[in-house]
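Next up, some structures in C-alpha cells.
After this come two complexes, each holding subunit A, first together with subunit B and then together with subunit C.
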Partner chain A sequence: MQDIKRVIEENNGKIVVEHDYFLLVEVSREHVRKLARTLFEAGAYYSTGVGSDERPRNGFFAMYHILNHEESKKYIVLKVEAPEHDLRIPSITPEIEGANWAEREAHDVLGIVFEGHPEPERLILPDDWPEGVYPLRKDFKYNEKVKPVRKEEKFIEREDALVLPLGPFHPTLHEPEYFEIYVDGETIAGARYKGFFIHRGLEKLAEGRLTIHQIPFVAERICGICGYTHMICYCQAVENAIELEVPERAEYIRTLLLEIERIHSHILWFGVVYHLLGFDTGFMHAWRIREKVMDIAEMLTGNRKTYGMSLVGGVRRDIDEDKKEKTLKALREVSQEMKKLFNDVLAMKEILNRIEDVGILPKDRARSIGVVGPVARGSGINTDVRKDHPYAAYKYLDFKVPVYNGCDVLSRYLVRADEIFESIYLIEQVLDQMPGGDIMVERFEVPEFSVGVGATEAPRGEDVHFVITHRGSKVYRWRPRAPTYNNLPSVPVMLEGEHLADAPAIIGSIDPCFSCTDHVTIVDDSTGKILFRGPLEDAIRRLKR
Partner chain B sequence: MNAIIAVIVNVIFALLYAPLIDGVERKIKARVQRRKGPPIQQTWYDILKLFKKEEIMPKDATKSIFVSAPFMAFLSVLIAYLFVPTILPGALYFYGDIIVVIYLLAFSSIVLFLGAFSSGNPYAQVGANREMSLAVMEEILLAFIVGSLAVLNRSLMLNRMFPLEIKVSSIILLAFYLVVMYIASARVPFDIAEAEPEIAEGPFIEYSGKYLAMCKYTIFLKRILLTSLFLNFVLPENVLWRTIGYVIGVVIIPVILAMIEAHMGRMRIDQAVRFMKRLSVIGIFAWVISLFGW
Partner chain C sequence: MSPMGRLRMLIDSLSHPRVTEKYPYEPIPIPEDFRGKPEIDPEKCIGCAACARVCPPNAITFRDDHEQGYRVLQVFLGRCIFCGRCQDSCPVGAIKLTKEFELVSLSKDDLYQVVKLELAKCVRCGKYTVPYRYIKYLMEKGPKILKYELLLCPECKSEVMTLIKYHYAQEVHE
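Showing the complex of A and B:
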C-alpha cells in the first residue's frame, strides 16, 4: 500500500482523493505515460479508461485511466487534463496494450486526440457518423439528431488467404458482432474484430435525463444475462462517491443474488459451448438444470431474471425463512445434476480433444491486454474482484478462486465449472449467516462533483462503473465497462494459427456478451434515409406483396 | 417383369420412408434431451414446406451448376436404389453393378460439392472442402469393404453377395461397414461439413426452397440406402423372413444410430480424417483375410 503511493508520488502523480476502494491521482500530460508504465510494472493492469467533458466546471477535458492494482487492493484512477484549444494527451497504448479501446472510444465520443496511438481508428461510432461531431460533449443535446454521411467501407483484401466474415449475424454469436477471419485452408491466418453495431448511448441518456435513482434500472438492462451485477456495480460506484454505508443485511442479499446470477450465467455458458461443439444433448440438459436457478431467482425477486432489486443505499425486497429453505433445496439438486453432467462430459474424448490446447492466451499477453474473469484465471492469473476489492458481503465469507494454468479453452471451462460449486457454497454461507436489520438507507445527500469507482466480479469478469455525481441527484458522467470490453481484444490473439472449426469455441470461451437492443435503426444505403422499426416492417411487407 | 415391379415398389418405399424415419430419429433425440420433440411427420412437413417456398439465387453463383447440383445428387442416389433391394427382394442386377452403386454414391457427393462451390459463398467453400475430404475417405473405406466382399464371393454382382456367407472376414467387414455407414450418413460427430454453429450449414448455406429440400432429401435417401445395403448382406433369402427382418432392421438401425448421435460432440475435420485413416488399417486386414478365403 505505502509502496504504491510512493511509486505514484515519485512519478509526479498527486493523490487527490484517498478512498478505501480507490486512489484518485492527478498527473500532468508529460508524466502520464511514465507513471502508467511504472504502475503496470508494479503489477497493475489496465482496467478501463473514461473520457469526460469538464468544460462547464473548469474549461478542461479530462481522461481518467483506471488501473486495477490487486496487490494493494486499490483501483488507481489517473486523471489527465487537457484544455479545449489543445486537446492532445499522450497515448499510453504503446506502454499498456489494454488502453487501446478506451482511448479510441474517448476520441470517438469527445474528440480527445491521443498522440502516438498505434491504431487511431474509429471504434464505437457507426461508419456513417459525421466527422467532428462528438456525442458525449456537454454541448451536444441528448436528443439531438445528426445527418448520416455515406462512407466507403474499408475492406482489407489479403492475397494469401480467403476472407471469411464471421458475422455481423452468425449462428455462433447470436448477437451482432463482426469478426473478419482470414483463412488459409482450414487454418486461421489472422483475424480482425469490428463491433459496437448496437451502441445504445446509455451514458448520454443517463447524463442527459435520468436521476441517480433511475439509472440502476437502465444499468441492469445493459446485459440480458448478468444485468444485476451492472446494477450493483453502479450502486457501489455512487455509494463510494458519496461515502454511503449500506446496511449489512442488504449486502448479504446483494451477494446472494449476485451468486445466483453467476450460477445461471455459467450454466448458460456450458450449454452454449456444448452446442458449439455439436453436443446438443449436453446443451439441452444444461439449460434444463439452469431453469431451476431461474425459478429461485423468480421466487426471490419476482422476476425470472434478478431485475429490479436494488437502489443506491440498499435492496428493495427482503428474504424470509421459507424462501431460504426452498433455495437451498433447489441448489442441492442443481449441484448434483451439474456434477453428473460434468462427469459425463469429461468421459467424452471428442469434446475434450476439441478444447484442450486450443485458443492459447499466454499469461503475459493476457496481462498486457488486461483480460478479466475466467479468461484471466484460465491463463494462470489469480484475479477476482471479490477477493481483491471485497464488496457487498464477500469480506465476511470464505471461498476459493479457481485458477488454471493451461491458457486454453479447457482451462476456462474448468474455471467456470469450479466456480459454479464455489457459488453454491457461498450462497449456503450467505443464507446461514445473514444478519437482521434494515435493508435500505433512504436518506442521503449527494455532493456535487464527487468521483466514485465501483467494481463487481460479474460472471464474465471484472465489471467497472465510474461515476461523477452532479447537483440535483444527477450524474455528471457515468461510464459502465462490461467485462467483455476487456476480453474481446484477446480473441484475435487466441484465433491466430488455430483451425477454423475451433473459432466458435474460442470466441465462445470468453463468454462474449454483446448487449443487445430491441430497437433497430436501419439506414437505407442508397438514399441515406433512416428506416425505423415501423417503416422497416412496412417496407418488408410491401416487398413480400 | 417381377423385378421391375419390385424395383418400383422399392423406390417408392424409400422415397416415402426416408423422411419419415428422420422424424422418428428427431423424436428419439428429443427424448434423450428430455424434450417433447416434433411429431414424426415433421421432416415430411419441412420438405413439403420447402418445396412451396421461393428460391433465392446468390449473386455470385454459377447458376447452371448451382441449380442442377441438388437434382443430380438426388437422382444419382435414387438411381442407386435400382440396384439395391429395399423392402422387396429384387433389383436390376448386372455384371459390375456394385461398382455402379459406389460410383453413384460418390457422384452425389461430388455434385453437391460442385454446387456448393458454385454458390460463391466462403462458408460453402469451407464446407465443400470438408465434405470432399470426408467423401474421399468414405469412398476409399467403402471401396475397401465392397472390394473385399467381391474377393470373398468371387463376383462383382450384388445379388451374389446377398446374404453373405458367415466367415471371419465377412463379420469383420460388416462391423467395419456399420462404422463407415455411420460416417457417411453425416451424423454427429461426423456432420463436420454442415456444422451449423461453425460454418452455418456449410455447403447448403445458399440453398433455399426446393433446392434445399432436394439436398436434405438426398441425405435422408443416402442413409436408408446404406442401411438397406447392410440389411441385404445379413438377411436370409426366404422372402417372408427377409421382409420381416428388413422392416425391423430399417427401423431399429436408424434409431440406434440416432441414440449414438445424441451422445456425441462434433469432431474437427483433421481429427475425423485421422480417425478414418486408422480405420483403413482394419480394412486392409479384412481384405488380406478375405484373400485367404477365411
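Showing the complex of A and C:
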C-alpha cells in the first residue's frame, strides 16, 4: 500500500481522495504517460477510462484513467485535465494496450484529442454521425437530434486473404457486432472488430433526466443476463462516493442474488457453447437445469431476471426461512445435475477435441489488453474482484478462485464449471450466516461533485461503474463499463491462426451477450461488392476453381 | 470416438420426463411476491403524484388542467417495467402491483389507466392548486403547521408568509 503511494508521489501524481476502495490521483498532462507506465509495471492493469466535461464547474475537460491494482486492493483513478481551447492529452495506449478503446470513446463523445494514439478511429459513434458534434458535452441536450451525414462504407482490403464479414447479425454473436475475418483458405489470418451498433446513450439519459434512485433500474437493463451485477455496481459506486454504509443483512442478500445470477449465467453459457459446437442435446439439458435457478430468482425477487431488487442504500425485499429452504433444495438438485452433465460431456472426445488448444490467449498478452473474469482466469491470471476488492458480503465468506493455465477455450470452460459449484457453496454460507436487521438506509445526503468507483465480479468478469454526483440527487457523470468491453479486443488475438470453423466457439468462449438473426455476407475482395445467395454461390464456385 | 459419453447422455435424456409446460391451456404457477400489472384504485388515489415522480421509465405521468380544474393521472402499461417503486411511494396504498401478467391487447387504449381528480381553488386568488383529496389528506395526516396555508396557491402562500413574518417581526420589535 505504502509502495504504490510512494510510486504515485515520486511520479508527480497528487493524491486528492484516499478512500478504502480507490485513490483519486491528479496528474498533469506531461507526467501522465510516465505515471501510467510505472503503475502498469507495478502490477496495475487498465480497467477503464472515463472522459468528462467539467466546464460548468471549472472550465476544464477531464479524463479519468481507472487502473486496478490488485496487490494493494485499490482502484487508482488518474485524473488528467485539459482546458477547452487546448484539448490535447497524451495518449497512454502506447504504454498500455488496454487504454485503446476508452481513449477512442472519450474522443468520440467529448472531442478530447489523444496525442500519439496508434489507432485514432471512430469507435462508438455511428458512421453517419456528423464530425464535430460531441454528444456527452454538457451543452448537448439529451433529447437533441442530429442530422445524419452520408458516408461510403469502406472495407479494408488485403491482398493475401479473403475478407469474410461475420455479423452484424449472426447467431454465434450474442449482440449486433461485426467481425471482419481475413481468411487464407480455411485458416484465419487476422480479424478486425467493429461494434457499438446498439449504443443506447444510457449515460446521457441518466445525466439528463434521471435521479440517483431511478438509475439503478436503467443500469440493470444494460445486460439481459447479468443485469443485477450492474445495478449493484452502480449502487456501490454511489455508496462509495457519498460514503454510505449499507446494512449487513442487505449485503448478504445482494451476495446471494449475485451468486444466483452467476450460476444461471454460466449454465446459459454452457448451453450456448454446446449449441455452437453442434451439440444440441447438451444445450437442451443445460437450459433445462437453468430453469430451476430462474425459478429461485423469481421466487426471491418477484421477477425471473432478479430485476428491481436493490436501490442505493440497500435492498428492497427481505428473505424468510421458507424461501431459504426452497433455495437450498433447488440448488442441491442443480448441483447434482450439473455434475452429471459435466461428467457426461467431458467423456465425449468429440467435444473435447473441438475446444482443447483452440483460441489461445497467452498470459502476457491477456494482461496488456486487460482481459477480465473467466477469460483472464483461463489464461493463468489470478484475478477476481470478489477477492481483490471485497464488496458486499464476500469479505465474510470463504471461497476459491479457479485458475487454469491452458489459455484455450477448454480452460475458460473449466473455470466456469468450477465457479458454478463455488457459487453454490457461497450461497449455502450466505443463507447460513445471514444476520438480522435492517435491509435499507433510506435517508442520506448527496454531496456535489463527489467521485465514486464501484466494481463487481460479473459472470463475465470485472464490471466497473464510475460516478460523479451532482446536486439535487442527480449524477453529473455516470460511466458503466461492462466486462465484455475489456474482453472483446482479445478475440482477434485468439482467432489468429485458427480454423474458420472454430471461430464461433472462440468468439463464444469470452461469453459476449445473445441476439440472433442470421446474416452472413461475403465481400469480393477486388470489387468490394457485397454478395448474397446467388452471387455468393457463384463467388464460391469461382474461388474453388 | 467415445461411445460411453454418448450412451450416458442418452440414458440421461430418456430418464427425464417432458419439461415443457402446457401453458396457455393450463394456468402457470406464479410465485407469491410476483410483480405484475400495476393497478390504481381511483377511489383511494389522492393525486399527490408521488408515483409519477419516482417512476423510472415515465410510465406514470400527470397533467393539470387549469381551465377545467382537473388533475389527470395516467398509467401507461406500455412503458411500465414492473419495478414497484410506485407501490413503495404511494402514501395511501392506492397503487398496487397485481399478479396479472397477460397484458397482450389488440388496442393500445387497453394499456392506459386514467384517474381524474378535481382541483381545489386557492381561497385568496381563486387559481386552481392541488386536488381536494390531497389537501384533505394533508389536513388529517400532514405535519401540524398552519392548516390555512394548504388552501393557498404557491404564490399566495409566499406572499402571506412574508406578511405574517413582517407582522410578527413588528410585534416583537414593539
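Throughout what follows, the second predicted complex is superposed on the first by the 512 of 545 C-alpha atoms of A that agree within 3 Å, B and C clash if a C-alpha of one lies under 4 Å from a C-alpha of the other, contacts with A are read in each partner's own complex, and residues count from 1 in each chain.
Heads up, the rule we're going with is that contacts are C-beta pairs under 8 Å (C-beta built on N, C-alpha and C of every residue); 3 or more make two chains touch, one makes a residue touch a chain.
Note that the coordinates shown come from a computational prediction; the quantities given were computed from them, not determined experimentally.
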- Query: First (subunit B), second (subunit C), both or neither: which does A:K145 touch?
  - Reply: neither
- Message: By the touch definition at the top of the document, which applies to A:A347: first (subunit B), second (subunit C), both, or neither?
- Response: second
- Scan A:P165 for contacts with subunit B and subunit C and give back first, second, both or neither. first
- Tell me which partner A:H85 touches in the superposition: subunit B (first), subunit C (second), both or neither. neither
- Examine A:R443 and indicate which partner it touches, taking first as subunit B and second as subunit C; both and neither are also allowed. neither
- Message: Let me test your reading of the model: by the given contact rule, A:Y307 touches which partner, first (subunit B), second (subunit C), both or neither?
- Response: second
- Touched partner set for A:R288, first subunit B, second subunit C, both or neither: both
- Message: For A:L277 in the superposed arrangement: first (subunit B), second (subunit C), both or neither?
- Response: first
- Message: Just to be sure I follow: which residues of subunit A are touched by subunit B in one complex and then by subunit C in the other one?
- Response: 281-282, 285, 288, 348, 350-351
- Residue ranges of subunit C touching subunit A (in the complex, touch as defined): 1-2, 4-6, 8-9, 12-13, 16, 19, 31-35, 54, 56-57, 81-85, 88
- Message: Per the contact definition, I'd like the list of subunit A residues that touch subunit C in the complex.
- Response: 210, 213-214, 217-218, 221, 281-282, 285, 288, 291, 295, 298-299, 301-303, 307-308, 316-317, 340-341, 343-351
- Message: Under the stated contact criterion, what part of subunit B meets subunit A in this complex?
- Response: 29, 32-35, 122-123, 125-126, 129-130, 188-189, 191-192, 195-200, 262-271
- Which positions of subunit A touch subunit B when the two form their complex? 162-165, 170-172, 183, 185-186, 274-282, 284-285, 288, 348, 350-351, 353-354, 499-504
